[in-house]
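In the two complexes that follow, chain A is the common piece, with chain B as its partner first and chain C second.
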Partner chain A sequence: MASFTLFNPTPLSTSFKHTQVPLIGISNVKSGSFASLTMYRRSSQFCISCAAKAETVDKVCEIVRKQLALSDESSVSGDSKFSALGADSLDTVEIVMGLEEEFGISVEEESAQSISTVQDAADLIQKLKEDNNGAAYLE
Partner chain B sequence: MAASGVAAPTRTEVLQLYRSLLRVARQFCDYNIREYTKRRTIDAFRDNKNLTDPSQLSAAFSDGKAQLEIAKRQALVYSLYAPKVKSIMDIKPS
Partner chain C sequence: MNIRCFQRNFSAAFPPLVPLQLPSPMETHLWYILPDEVKNSALLNQYSELLSPCERESVSRMRGDQLKKRALLARALVRTTIARYQTNCQMNPRSLRFRKNLYGKPEVEWRNEDNFNPPPLHFNISHTSAMIACGVTVNVPIGIDIEEKQRRTKNNIIAFAQRYFSPYEVKVLTAISDPEVQRQEFIKLWTLKEAYVKALGKGFSAVPFKTFTIRFRDTTMRNFHPPESSVSEESDIVVESSEDPTDPANNWRCALLEVAGSHYGAICMEKDRIAGENAPPKLTVWKTVPFVEDVCVSGTDAVLVLGGIIEQ
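Let's turn to the complex of A and B:
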């Protein structure tokens, strides 16, 4: 999957989402994840859906860790499910609230119900931030 | 007054009430009331997490809804008379 990026000679610009990138199924490509040949970002492996930046995933992991009072040894990564980490539905609501405050976004009910892993949360944050930026850009 | 006619709230409704209470807590200008509201909802919902009796569930749920109405009203009233000086806890360390 990552090898597709090697065939793309043009560098991806930072602000445009719809570049001439021949990657199938990717609607939303951020320059930091794909322009470089060295795969130093682990989030680029999840490139089927829109990829969230690694910093976003890290911040989400941090908030989850703090909410569930996990020790530093336990691993929290992109595909950890909240229920596997010991969170019940009340914890999930609190985590989503914490993410709203941290990133300054507002999550609706249906989207919040569908979050089950760290990656879901990071992708949703990414999408909401871009919608906000897009709306501001159009004004 | 028979409460048996009232249906127990569904899981989604309970979570929506929880979310609404936490959201309204954020609207308070006063740090103390904001933190209290958050703390109180978290504690109350966790205490009642294991209820199974429908009449108890609906009693707790309607209690929560009444508190939500009160909190919404009070958030509005407090915002009309918000003090100019912010609490020390709200000032971010620079």
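Let's turn to the complex of A and C:
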């Protein structure tokens, strides 16, 4: 994940324009400044939506751990497949039900069927919450 | 020459699988392994040699030795089970190929070769941590599901049922006052619903659990009896689709078993119109350790019919 705080000490705002950042302040940029600024802008947007997802992923991991009674040592992360962790279909349905309760969403059978990893679940939650809120993210 | 024919030097370590006739129409063969009984690492290595590279990789991605072993035994069970059924010649379990249908249901991929008529064989597997089962039929699709009798849900049973089951099923479960009986009936219902969806083979989204109802029905009186009161061997299990309540999904036969004293097992298969709708379906069950021992357990305490009209 890009560490944009290294480049921009001021809080990110939706109206961020690259002209607000003095070129002089960016000392760690290796390649052409224009390219870096573009990359910076994109990566800052990326970071914002990533941060929300990371929290969602963590919550999903927690629910999965509880359902499958996994020890704290066993690693569960975004790319963990439910089946590889030992979840059978009843576990998966219980996990989905747990996610619905935790995040206040409703998951259709079609969508539930396509969930096979923790990340899939987090992405679906993200999408359903966005649809619910009708809010757009940063432009 | 048909390269799939058994070759004597296939593997010196393997005694040949005891060959078997295909099940007859409206007959189910059920094979199960108890993983705890399979401890010999040399045997497990031999099973591993039966798998395709892709299957071996899937096994390796399972987290932890127990899950790896379970995944390995599941593939070994499917391969050895299907290979038992001789048609033209004995099949090599290692050379069987599998694919998924349009909706993800696994099936055998028979290779089209001259003089080879693929057997009209259908199978389905299910596993828990303590048992792996494979059901086999001819001509008609089959779905099976097994669940440990002691399985507990994390969620409240009625809340779960309200979310996923049909209104009628919720009513039946809610009417059960003893929480332990309620839990058992829930698990039985779950396995039956799973087995039906797996038999249909169209994926869970095609037949959401809420859109069909499983009923136990006393065939002599044609009245509904709540499961806890009178599930006799004469009670039939009926699937009703809520899409069309006037025409119950009579195409499918379900049976509910208790297996090895520890599991509920549900079998669902399509009726074979040619064989005759009224022919009582037959069931034969084996406990197996492939290449080591096959024990026919039908008619023993290891297999109790809890519902559905089926003969052992």
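One rule holds in what follows: the second predicted complex is superposed on the first by the 82 of 139 C-alpha atoms of A that agree within 3 Å, B and C clash if a C-alpha of one lies under 4 Å from a C-alpha of the other, contacts with A are read in each partner's own complex, and residues count from 1 in each chain.
Criterion: a residue touches a chain if its C-beta (ideal position, glycine included) is under 8 Å from a C-beta of that chain, and two chains touch if they have at least 3 such contacts.
As the structure is a computational prediction, the values presented were derived from the model and not from experiment.
Superposition model on chain A: chain B and chain C are shown in a clashing arrangement. For chain A, the partner touching the most residues, choosing from chain B and chain C, is C. When both complexes are overlaid on chain A, the residue A:V93 reaches chain B and chain C alike.
By the touch criterion defined above, A:Q113 reaches both chain B and chain C. In the superposition on chain A, contact of A:S77 is made with neither chain B nor chain C.
Contacts of chain A with chain B, set against its contacts with chain C after fitting on chain A, overlap at residues 88-90, 93-94, 97, 109, 112-113.
Of all the residues in chain A, the ones that touch chain B in their complex are 88-90, 93-94, 96-97, 101, 109, 112-113.
For chain A in complex with chain C, the residues that touch the partner chain are 66-67, 74, 81, 84-86, 88-90, 93-94, 97-98, 100, 108-110, 112-113. Of all residues in chain B, those touching chain A in their complex are 11-12, 15-16, 18-19, 22-23, 26, 42, 45-46, 49.
Against chain A, the residues of chain C that register as touching in their complex are 61-64, 66-67, 127-129, 147, 151, 153-155, 160, 163-164, 190, 194, 203-205, 208.
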